[in-house]
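Per-chain residue numbering starts at 1, and chain names A, B, C, D and E are given in the order in which the chains are listed.
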Amino acid sequence: ASNETGDTGTDSGSSETSGLSGDLNGAGASSQEKAQGAWATGFQGMNDGNVTVNYDPVGSGDGRTNFIEGGVSFAGSDSYLNDDEGELTAAKERCNGEDPIEVPAYVSPIAVTFNLEGVDSLNMDADTIAQIFDGKITKWNDPAIAEINADVDLPDTAITPVHRSDDSGTTKNFTDYLGKASSSWSYEAEDAFPVKGGEAAEGTSGVISAVSGGDGTIGYADESQVGDLSVVSVKVGEEYVAPSAEGAALVVEASPAAEGRADVDMAVDIDRTTTEAGAYPVVLLSYLIACQTYEDQAEADLVKGYLSYIVSDEGQQAASEEAGSAPLSATVAEKAQSIVDAISAG
Amino acid sequence: MAKSITVDDLDIYYGDFLAVQGVSMTVKARSVTAFIGPSGCGKSTFLRSLNRMHEVIPGARVEGKVMVDGQSLYDSAVDPVAVRRQIGMVFQRPNPFPTMSIYDNVLAGNRLNSKKMKKAEADDIVERSLKGANLWNEVKDRLGKPGMGLSGGQQQRLCIARAIAVEPQVLLMDEPCSALDPISTSAIEDLIHELKSEYTIVIVTHNMQQAARVSDETGFFNLKAAGQPGHLVEFNSTQKMFANPDNEATEAYISGRFG
Amino acid sequence: MATTVVAEDTARARSRLGDRVFSRLALSAGIAILAALAAVFIFLAIEGIPGLAKPAEFYGDASNFWGYVAPLLFGTVLAAIIALIVAVPLSWGIALVVSHYAPKRVATPIAYVIDLLAAVPSVVFGLWGISVLAPRLTPAYAWLDENAGWVPFFAGPASTTGRTILTAGIVLAIMIIPIITAISREVFAQTPRLHEEAALALGATRWEMLRLAVFPYARSGMVSAVMLGLGRALGETMAVAMVLSAGGGISFNLISSTNPASIASNIASNYKEGTPGKIQVLIATGLVLFLVTFLVNFAARWVVQRSERRLAR
Amino acid sequence: MSTVTPTTPVRPRSEAVSFTAAKLPRFAPALVAVVAIAAAALPVLFMGAGAITWAVLAGIVYLVALPLWARAVEGSRGATDRLVTGLVWAACAVAIVPLVSLLWTVVDRGLPAINTTFLTFSMYRTDLDQEVGIYHALIGTLLITLFAALISVPIGIMAAIYLIEYGKGNRLARWITFLVDVMTGIPSIVAGLFAFALFILLFGPSTRMGFGGSVALSLLMIPIVVRSTEEMLRLVPDELREASYALGVPKWRTIVKVVLPTALGGIVTGVTLSIARVVGETAPLLLIAGLTTRTNFNVFAERMTTLPVLIFTQNANPGIAETPGGIRPGIEIAWGGALVLIVIVMLLNIVARTIGAIFAPKTGH
Amino acid sequence: MAKSITVDDLDIYYGDFLAVQGVSMTVKARSVTAFIGPSGCGKSTFLRSLNRMHEVIPGARVEGKVMVDGQSLYDSAVDPVAVRRQIGMVFQRPNPFPTMSIYDNVLAGNRLNSKKMKKAEADDIVERSLKGANLWNEVKDRLGKPGMGLSGGQQQRLCIARAIAVEPQVLLMDEPCSALDPISTSAIEDLIHELKSEYTIVIVTHNMQQAARVSDETGFFNLKAAGQPGHLVEFNSTQKMFANPDNEATEAYISGRFG
C-alpha cells in the first residue's frame, strides 16, 4: 500500500531513532490490541518504518501458549503466569531456564455501567454490586440501592445484569474485586463469569451493546469503551469514586507484589480493598511476557526496544490517547524500564 | 359433449419470433382432424395453442381468436387449468413422471381432483385406461414399477393412457405414434376411431397414411421459406385432400409422399 | 480410415490413458476428502480425548464432561432446529418464486439479492443481530411472555435486550437461507420442461404441477440443500457467539436471556483465554459436535432412503 | 364417474364444464390485498401497534381471505393454488425484509468510511495521526480465498465427478457422499484449530501463513462445491452422455466437454456460493493467518490480515472516539470493511453469473 | 471399409432382467439390415449391444459373441471407445448437445476427439453432413444458433448429421425417422441408399414400408409373452421376409401391418 514506504513518519516526533529493522511478533490479550496498535505505530516511527510489529489478539491464554511454544517473541496477558497447569515452569523452559519477564503494560479501569431511564449516575458499594450481579438484588428501587442514592428517583424496573459470555481478563479482574471487596460474593476470581443466569454478551463491545440495548441493564467493561453510558461510582473507603485513569494507576502502584516471584517478574496482586483516596480498585492489569535473553541478537534488540518503548512515558501516553488506558505510574514504569533494558542476546 | 374449435386468424409467437401466421379453421366436434406438413412448419406449435399449453413457454403468446363451443379460449376470464383439463394432450416425446410407478402415472391426472378415490375405482380407471392404450397386457404384472423402466413405445402408450384417464372432451395428439410399432399404432388408431364418437380429436402426424386412415379432415401446414413463419395452406376433408387437393403445394407434398 | 475395430494402438492407448488418468484423479479427489475428514477427526480425537476426563474444576458448574457438554449440545441443536424451521420454508418459497413464479425480470434480481446474503460475514450478521434485529424483537417477546406464557417455549421472563436463542435461531436462519435457496432453485429450474408440460396438460394448477413434476424430480437436491444449511447452522461460530446471551442450562424457554450456548460459539468464546487443559475440554466438545453432525446426517439419509423405498413400492 | 364395466374404454365426462365458470376476477388478489391492509389497520389504530405488526397482520388476513374466497368460487384446488402462490411470495417478502435491513445497515454505516485512502492504505503507521486503510486486508482476503478456491474447486468438482460418473452407487461413493454431508457441519473454528495444529506440526510453532487459512477455508468450501456440483451433474440427461459415447468420445472427454459445460451454470453458482460462504469467515483465520498491519502478497510466508478478521478485531477493540460521543475509529473501519467485503462478493457474483450465462445450455433462439 | 457383424447366441441383460435372449445373425457388410418387431421386444437393446453402448447403463451386460470382421467386440483387449467411433449411432430421441451451436453439434464427434481441423475443412464437413441429413437449407443461416432451438424433426436430422460427420464404418440407427416428416424421411432414406455402398447400416424401424424400401435383410424380433425376454424370430432377406416369410409369427406381424 502507498503508505508503507520506508520514509514515512520521519517526523513522528520521537526523540530517538534506534535504527532497528525487521519483524517482531507477539500475541495475546485482546484487551491490549488498540494499545499495541499505538505502541507499534510509535516504535515503527522511531525506526523509520523499517520495523513491523505484529500483534495477534488471540486472547491471553492462547498468547501465553504461543509464547511458551516459541511461536512469538512476547505475549500480552491479562493474568500473570502461574503454575496451576505448569505454565510458569514451561515459560521458564522456553526462556532457556531463565525466569520470564513479566511487566505491567496496560492498566485500565473497569467501569460498572448501566442503562436506566432517567438516571445518569449512581453510587454503589461492593456488596451492592456483588448482589446485583449475583441476582440477589433484582429491582432498581431495591432499598440497598435506594439507601445509598437518596437523591435519585429510582424506578421499579427489573435489573438485567450483563456479563461476559466469553472467558475474559475483564471478568477475572471484576470478580476478583467482588470477591475481595465484598462479603456477599462467594465465587472465585475466574475468566468465566461464575453466576448462571443474567444476560451474557461476547466481548467488551457485546457488553456495551447489550447494556445500551435494554432498559434496566447493568454491566462491566473497560472504561474507555463506555462512551455515553452512565457509570457507577464505587465506594472506596468512605468516598464514592468514579472510574478514572489516575485512580487505576494509583491502585496498581499501591498493590503488593505477588509472592515468590523472580526479580524480573512484576506480577502484582491488586489490592482491591484499598482505601487510599482517589484510588479506583476495579482495574484490569495486563502484562507483557518476554524472555531475558534471546538466542538471536536481532530478536533481542527488537523485543528490548519495543518493550522499553511501551513502558516509556511516550509509549504509555500513546496508548492512553489511542486506547484510553491509564499510563503507568512513575515508580512502576521505572522498575519495568530497568527490567526490559536488561534484555540481551545470549 | 365434445367441443368444436374455431380458430380465427391466429398468430403464434415465441417472443419476437412469429412461428405460425394467420391460421383460420374449424375443427368439428366428434371428428378426427389431422395436421400434416414438413418438419418445423409449426404443427406442434399450433396444436399447443389449442389448449393454452403454448403459453407455458416463457415469452410465448398468441394473437387472434380460438373459440371452443362459442367460448373464447383466450378470454381473460378463462382459466387455462380448466381448459387443459378438458382438452387433453399427448406429446411427441413420451414423458411419464419419472418418480411415479406405472399405476400412479395413469392416475396422476385423476388424483389432482383431490377426490378421494376408492381403491377399486382407481384400479378400474387404471385398467380401462391401460387397455385403451393397449398397454395393459404388457404391464399388468408390474404396475408398481417406475414408468421410466419401460421402452420408448411403452412409455408413449403410458402417456396416452394417462391422458385418457382424466376423460377429456378434446384430445390433442402430437405425433403420438411416432415412437410406436405397428401393432401399438394400430391399437391407438382403433382407439381413436372408437373415441371419436364422443371426443373431438386433433392429431399431428408425419404419416400420411395414418392421416388418411384416421382423420375426417386434414390441415396442411407449410413454410413459405426457411426462417418464415408457418401457415395453413389448405384445410379440407381428408378425402378431398388426398384425392384432389385445392392447392398445388398440398398436391406436391402429398404426392411426394411415401411411407 | 482404420481397418480394424481395435483402432490403432496409439489412439487406443491415448484414450485409455486419458480415461485412466481422469478416473484416478476423480477417485483421488474423493479419497482426499475422506483423508481430510479423517485428519480432522484424528486431530480432534488426539487433542480432545484428554479433555473428556479432567478434574471437575475444568467443567465449570458441571462435575464431568458430559454435564458440561450437554447444555451446549442442546443449545446447538435447538438453535439449528429453529433456524431450519424458519429457513427451510422461506428458502423453498424464494426458490420457487425465482424458478417458477416470478417473471425473469423479477426473478433475476431476487436471486441476486439472496445470493448477496451469503456473502455477508458472520461478524456482520452478529453486529446486525445485536444492534438491529434483537431490539426489534424485544416487544414481540414481551408480548409472547404476556399472552402465550403458558406455552413452555414462551415461559419468560422475556429478555429485555432480545438476545435470545430464538433471535440467534433467526439470525442463523437468515444465514442459511441463501445456501438452501441457491441449490433448491437450481434443481427446481432443472426440472425437464417435458415433465412440467405433462402435468400442465393434465389440467394441473401451478401448485399441482410443482407437486407432480418438480418436487419428485428435485427431492434429492432439496434434501442436500437442507443438509448443507443444517451443517452451517450447527457449525456457525461467530454470529451465535455475538448474538446469543449464553450461559444457561438446558431450557426450552426461547425468549429469556438465559440460554444454553452452542458448541461452536462456546469454543470461540472460551478458546482465547483458555489454558491448555481447558482447551482440551473445548476440543472434546468439538469432537462431540462432529459426532452429532455424523448422526444427524445418518438419520437424514435413513429417512430419505426410507421414503424413496416407499416410493418404489 | 360413470359405472362402466372394466373393459369398456374410458369416455369423456358427461357433464360439460365451462372454461370460465369458476374463477375469481383478475383483480381479486389486489382487492383482497387492499382490504387486508385496511382490516389490519384497525387493531393498529386502536391498540397502537407498529408498522411491523400491521404488515404481519395484513399478510395473514390476505393469506386467509383470498384462499377462502377462492375456495367458495373456484373450489379447493384453486384455493390451494392461490394459498401456495400467496405463501411463496410471502416467503420471498419475509426473507427480503431482513436482507434489505442488513444491507441498509451495512451501507449506511460503512459508506462514510470509504474513500481512496481507505481502499489504498494499509494499517501500517509510523505516527498515530496517519490515516489508515484496509488495503492489506483486501489483498489478504483475495489471496487467501483464491488459494482456498484453488484447492477446493478442483477437489470438489473431481470428487463430484467421481460420485456421479464413476462411483454411481458403489460403497465408496456412498461413504463419500455421506461424509461430505458430515463435513458441512465442521464448525469453522474447528477447521481453524485443525489447520493451525497441522501447520504448527509441519513447519514449527512460529508458523503463520495465509495458506494455512486457505487450507482451513477449503475444509468449509469443499462440501459445498461437492454437493452443488453433484446435484448439477445428476441433472444432466444420460441421453447426452450416450450421444457423446456413440460418437466414439472417451468417457473423460465426454465429461469434460459435454457433461461439465451442460452443468456449468449450476456448478458456477455452487462455487460462488462456497466462496461467499467462506469469504466472511473469521474464526479459522485469526489463529493461523494471524494479524498484521502490513500488506503481504505471499500466502506462503508471514502473517496475513483478512477483512473478516480485521472487522472482528476492530469491532472488538474499537479504540476511543476523537470527540466524545463520536464514532469509534474501529467501528467505522469494521463497517467500511463489511461493505467492501459485500461489494467484492457482489462483483464475484456478477462475474460468475456472466460465466454461467455464457456457458449455460442454450435452449431458445 | 465397411464391416460385417456376426452375432452368436447373444443374451442381453439389464441387471438380472434378461431383455434379449439367444440372438444369432450375420449382418452383411455394405448392406442395410432392418430390425422390426413390436414395442418392447428388445430391438433398441440389441442394436445398442452392437457398438457396446449397452454397457454404459449401470448393471447392463451381455453374454455371447459379437464378431466384427472377425474380431470379437467384447474381447477384453477391445476398447469400447474405438468401437463406437467406428460404429456410429443415431438414437430414437433427438439429443443435440444443449451447450453447442448447430455448427458445433455437427462437429462434436470430430472436435471432442480433439482432432485439429482447419476452418475450411470444418466448414466443409458441416456442410456435407447437414446436406446429407437434408437440414442444410433450413439452418445454413443460423449455424451459430443453439441446436436446441430447432423443432423435433430438425433436431433429429441434426443428430444424424452429427453421426455421419465422423464417417463411421457402420451406422446403427434406432428409429431415426420416427420424428421426421415424409420429406425428411425420404431424404434420409436416399442417404441410406447412398451410404450403403460404403457403410454397413443397421436400422430399427416401426415402419414396415421403410424396412421394405431401404433394407436388404430384415430381422424380426418378438416377445414370446409379456415379461419374457425378446428373441429373434426370423432373419432373412427382406424380399423373402415380406413376400414369403418362413415363420408364421412373422407373417402375422407383417400382414397385420399397415402404415
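Keep in mind that, in the parts below, a contact is a pair of C-beta atoms (placed from the backbone, for glycine too) under 8 Å apart; a residue touches a chain by one contact, two chains touch by 3 or more.
For clarity, every value in this text was computed on a predicted model and none was experimentally measured.
Its C-alpha atoms superposed on subunit E, subunit B is turned by 180 degrees; the angle is given in steps of 5.
Averaging Cα coordinates per chain and for the whole protein, the chain whose average falls nearest the overall one is D.
Computed from the mean C-alpha positions, the centre of subunit A lies at a distance of 38 Å from the centre of subunit C. Computed centre separation for the pair subunit A/subunit E is 83 angstrom, with centres defined by C-alpha atoms. Each chain gets a centre from the mean of its Cα atoms; for subunit C and subunit D, those two points are 12 Å apart. Centroids of subunit C and subunit E (each the mean of its C-alpha atoms) stand 49 Å apart.
Counting partner chains per residue, subunit C has residues 15-16, 19, 131, 192, 205, 208, 268, 271 touching two or more of them.
For subunit B, the set of residues that touch two or more other chains comprises 81-83, 85-86, 93, 112.
Subunit A has residues 30, 58, 62, 203 in contact with two or more other chains. By the touch criterion stated above, subunit C contacts subunit B in their complex at residues 103-104, 192-205, 208, 212-213, 216-217, 219, 311-313. On subunit C, the positions that touch subunit A within their shared complex are 60-61, 126, 130-131, 134-135, 138, 157, 159-163, 241-242, 244-249, 257-258, 261, 265, 268-279.
On the side of subunit A, the complex with subunit D involves touching residues 1-4, 8-13, 23, 25, 27, 30-31, 33-34, 37-38, 40-42, 44-45, 48-49, 52, 54-58, 62, 66, 69-72, 203-205, 224-225, 227-228, 318, 321-324. Residues of subunit B that touch subunit E in their complex: 36-40, 44, 92-93, 137-142, 150-154, 157, 175, 178-186, 206-210, 213, 226-227, 253, 256-259.
Residues 51, 53, 56, 58, 81-86, 88-89, 91, 93, 95-99, 101, 108-109, 111-114, 145-146, 148-149, 159, 162-163, 166, 168 of subunit E are the ones that touch subunit D when the two sit in their complex.
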